[in-house]
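Two complexes come next, and they have one chain in common, chain A, joined by chain B in the first and chain C in the second.
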Partner chain A sequence: MIATSSEPLAAGAEPMPTGESLWAKARKRFFRHKLAVLGLVVLTVLVLMAVLAPLIERYSPIDLDLGSMSQAPSAAHWLGTDTTGRDVWSRIVHAGRVSLSVGLVAVSISTFIGVLIGGISGYAAGKVDMALMRFTDIVMAFPSLVMIITIASVLGPSIYNTMLVIGILTWPGIARLVRGQFLSFREQQFVLAARSIGVTPFQIMVRHLFPNVVGTVTVAATFGMANAILQEASLSFLGLGVQAPTPSWGNMLQDAQSHAILEGTPWLWIAPGLMIALAVLSINFIGDGLRDALDPRSVH
Partner chain B sequence: MTTYILRRLLVSIPILLGITVIVFFVASKMPGDAVLAMISTETPQAEDLIKLRRGQLGLDLPLYVQYGRWLWQLLQGNLGYSFQTGESVIDILLARIPATLQLMGTALLIAIVLGVAMGVVSALKQYSRTDYTFTFLGFAGISIPDFFLGMVLVYLLAIQWPLFPTSGISTAGEPYSLVDNLRHLALPALALGLVRTATFMRYTRTSVLEVMNNDYVRTARAKGLSEWLVVVRHILRNALIPVVTVIGLTLPVLFGGSVIIEMIFQWPGIGLMFIGAVTARDSPVIMGYVLFSAVMVQASNLLTDMAYSFLDPRIRYD
Partner chain C sequence: MRTAEHKDVLVRVEDLKVHFPILRGLLKRQVGAVRAVDGVSFDLFQGETLGLVGESGCGKSTTGLAMLRLLDPTSGRIVFGGRDVASLDQRELRASRKHMQMVFQDPYSSLNPRMTVGSIIIEPLNVHKIGTPAERRGRVQELMRLVGLNPSFINRYPHEFSGGQRQRIGLARALATNPSLIVADEPISALDVSIQAQVVNLMADLRGQLGLTYLMVSHDLSMVRYISDRVAVMYLGRIVELGRRDPVFDTPRHPYTRALLSAIPTPNPKRERERRRIVLQGDVPNPANPPSGCRFHPRCPLATDVCREADPALRNIGGLPDGPPHLVACHHAENV
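Right, the complex of A and B next:
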């Protein structure tokens, strides 16, 4: 989905300085993207809901209340109650904490690994590059959800394993992106100049090369976060991710697999499903806006 | 062309070997092994028996020796035996692959036909309301979990308006009929296919926009061809070549998606088998499925590359 031109920015292609910083321009481009702004607003609301969950919950998200099982939405229970009498609204806001943080941590892990492997591969070139890229090809050869399910079942289901598994299996995209950029930069004059005055390779990568890929990586990581949330939902839906009683949007849907619940108590599954879609959609919109803002050379 | 295919095949070999190493390593970390599945710990002298069997099966050998033996078996087409039923994994896979291929194939077809059609319309009417609507729908498509879409479809089209059956591949107890099979196929294939439509739409739109402004398209219009002919013969022919690569990109996600969709709809394919094996910790079956899916992805990448070089003679690889 992310197409980036492989040519390095030609010298002299920089527009004339207009007194506006690059960031100010990027910000302007981002806020011109209406859907991205909408996504940002929705995501902010979702994040606030998650952060303030203990304040806006109306009942405990975990304690059972067998006196009020499977109730339809009402003034007392805005989104109804589940089969053990727990308030769905309270579970939704708490699940937001879990699902959003799993997404964030997972994408941080995959971005870190991706930048590291891609950076070393692109800067070192030659045999190191060859070896690392073959390794990347091998990791990419597995359908990611299939491998996520397999490894999650080996490690055992838990919220931390979910973060870890999604993180360690979804880095190849970013690695390839960073490697491509580093390869094209490494022969350029600013790198030669740095090398000739004795700057260490590590310093060159961190100080001179990395700042050039921050935009591209941010865009990829944003789309990566949307994907990570979907993968957490799938894993928890299968019962291999976040475990009850801790709610996540995915494991709330797991309870609705029986036709009785699907038919009789639709509020139990419609609400968490819509929350996943809403969160992922708004992050994807933000990603699209960031691409316009930070990566204007890309074609899409 | 031949050298390209040969070289491409050679590159796949180390990748396939790497895949087997990873699959073997992951499986060796799985709790339980063939012996524990065969011998109950309650049997008298269970420990001695287990030790004996382990020795016979070579499970006490170093890991790399075990890998070598396993790979040798693999090359002879032996994927091991299920811990649960004792059946050969390759037989279980072969029996269930047709169902999965039918589901994935139909889903892919839905995604391609719908995605390409929407992409072409979007590009031809760039910046129109239709274009924006389709773009929005595309974003919604990639954001909705396929299993949630599956649940919505079941709720609407199988429960509220019972047009389609809720699960299975055919009505139990009735002789096979194609109509019955297709009715069962409709909802899972839609759930799996609709959410992948967006990818094809975006690629088609970009590609058509690029081709549209070429001189030969202007020439075709100038010589008075109807708009339909211009679009079909001159624009689409060239614009659809890059879209071929999207098929290769879609296959891995289709594998992941089919696992969950087969579970929701109790579709008796390899995805449902895989989830059953994961729950039962039946590692030979799990390995068999993971290996099969990875090899299929490799094969599809290879085919995509070949199709691409065949369709676009401008591309030379040597």
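Right, the complex of A and C next:
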């Protein structure tokens, strides 16, 4: 405030704080970010499609119909049919359920582990930090595809194992992020103040440090979710992820990798490929918007 | 030497030492220690304000932090309420924190930006389970009024307030559990000059109203003179002079205190022209390797051979017979 001769003692006469919470300001900034809003709209449509899949499917996504194999898109089959006569539109909307939930669950797992390990590491510092971060480095440096193939072949390929595998391999990024933030916040005087009040270390982590990294973690999680959807796609593409006949965008692509299909029936790979691209892109835009919105230093 | 027991002693600090290890090399071997606080003893009387002054790096803030065990002392005792704070275990320490609180220097980083004013002030009450939830909310409003904040701001966030208002929030948080001791670490040095006086006056008022005892850590000599009953001057991890405010300011007995006080500008231009600054030679020695004998001797205009060899103890010089003593750690105090 400007240095006047005296600040009135009665606080009521002092300049009124505006009373807008940090979250209200962040929301305002987010909705000014056009691409992020577009991403939010697209993602909402994708999620609605997945949730309403049983209502908007036109055929069973699983049952074969050998009478109508490899048909081009038409009024009867909007996106055509695959080599066993299944309706591609119905499979796409059902696959959305699988792909989006794999993304969500995998990111939840990796965020949980990442925040836990990063938080402990950053708050404890010293030797504990050293040990946890070297462990994180090991997980990070491990060739993930080899690891995934091994785990998938040991546990057997299934949608739940896919979620789990992606989750336990992608946490190091979040752990490092949270650790860095905790290391810087723990030096702030409000942490010392909390100790001087008698707050326990656990409560300091949960109540004082964690709320300060929620923004960063949210952004990292959005990017992580886009990544997890891609990971699921590549796993399924390799035949290690979600197993037939359950459709996922990834294994639909895998089914479409023969030369004949690539050339002759492009609707089999264009549709799932487009869905993956749309989902990943829109989530990334949302993440971008959140990053700008949650940064208190951003001015616009 | 101990001060006369003319009042109740609230805290007795005995030979407090805080050393920070210096670690070198791959194996992190300890090659030395920074002796930030190196043998400090003083009593804090019930209801008084003790000003702790000295230049940057002399260990005054470290002393304050160690008194509240926000830093673990290397050795020494801090007797508060009949118990040695330095030897409490974590659980007892947390419980004892409601009796001793701290006001911080930086009103920006000392409040959690993600917590509302209400949740910041109510936290000590929640931690120590004082009163019912409804009583706690009432107490928060009462505290806000006490420090001159409008209670309707209870749901606002710290970034919406000015530095002075934020310092009031910090003060309300410190007062929430009705502590008897407040350690204030440079409470006004980060504030605008126009607001400093208000915060100091508020703290002085609160001391009278609530019967608080302050340890006022500061390099602001004018503020310390204004608010303190007694003053302790620190140099390089030691107290060099400790006595009632006016004798220390008017007739300082330690050469370092004289040099320090000569740096205070006077508002009266005529007297300011007459003011003679005592400019010390050299820099403050490295606290990892303090000089032999009297720590001040390399910079002291009065230093003699005895200063280089013998470490002077605090002794009473010129204290009134019925009052607290005037302690000075100087071989030549009589000649200053």
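As a convention for this text, the second predicted complex is superposed on the first by the 272 of 300 C-alpha atoms of A that agree within 3 Å, B and C clash if a C-alpha of one lies under 4 Å from a C-alpha of the other, contacts with A are read in each partner's own complex, and residues count from 1 in each chain.
Note that in this section contacts are C-beta pairs under 8 Å (C-beta built on N, C-alpha and C of every residue); 3 or more make two chains touch, one makes a residue touch a chain.
Only a predicted model underlies this, so the values are computations on that prediction, with no experimental measurement involved.
Participant: Touching A:A131 in the superposition: chain B (first), chain C (second), both, neither?
Facilitator: Neither partner.
Participant: Identify the partner contact of A:I197: answer first if only chain B is touched, second if only chain C is, both if each is, neither if none is.
Facilitator: Once the two structures are laid over each other on A, A:I197 reaches chain C alone.
Participant: With the two structures laid over each other on chain A, which partner does A:A76 touch: chain B (first), chain C (second), both, or neither?
Facilitator: neither
Participant: Classify the contacts of A:L253 with the two partner chains as first (chain B alone), second (chain C alone), both, or neither.
Facilitator: Once the two structures are laid over each other on A, A:L253 reaches chain B alone.
Participant: State whether A:L230 touches chain B only (first), chain C only (second), both chains, or neither.
Facilitator: After superposition on chain A, A:L230 lies in contact with chain B alone.
Participant: Looking only at chain A, is it chain B or chain C that touches more of its residues?
Facilitator: After superposing on chain A, more of chain A is contacted by B.
Participant: Identify the partner contact of A:L145: answer first if only chain B is touched, second if only chain C is, both if each is, neither if none is.
Facilitator: Once the two structures are laid over each other on A, A:L145 reaches chain B alone.
Participant: Just chain B (first), just chain C (second), both, or neither: which does A:G273 touch?
Facilitator: first
Participant: Residue by residue on chain A, keep only those touching chain B in one complex and chain C in the other, then list them.
Facilitator: 1, 3
Participant: Over in the complex, which chain B residues touch chain A? Could you list them?
Facilitator: Within the complex, chain B touches chain A at residues 14-15, 18-19, 22, 26, 29-31, 136, 139-140, 142-145, 147-148, 151-152, 154-155, 159, 166, 199, 202, 206, 251-253, 255-257, 259-260, 263-264, 274-275, 278, 281, 286, 289-290, 293-294, 297-298.
Participant: Would you mind writing out the residues of chain A in touch with chain B in their complex?
Facilitator: 1, 3, 35, 134-135, 137-139, 141-151, 153-154, 226, 230, 233-234, 237-238, 240, 250, 253, 256-257, 259, 262-263, 266, 269, 273, 276-277, 280-281, 284-285, 288, 299-300
Participant: Using the touch rule from the top, collect the residues of chain C that touch chain A in their complex.
Facilitator: 68, 70, 93-95, 97-98, 101-102, 104-106, 109-115, 123-124, 127-128, 148-150, 153, 155-157, 159-165, 168, 170, 173, 177, 192-195, 197-198, 202
Participant: Using the touch definition up top, name the residues of chain A that touch chain C in the complex.
Facilitator: Residues in contact with chain C: 1, 3-7, 9-12, 14-15, 17-19, 21-22, 188-190, 192-200, 203, 208, 211-212, 296.
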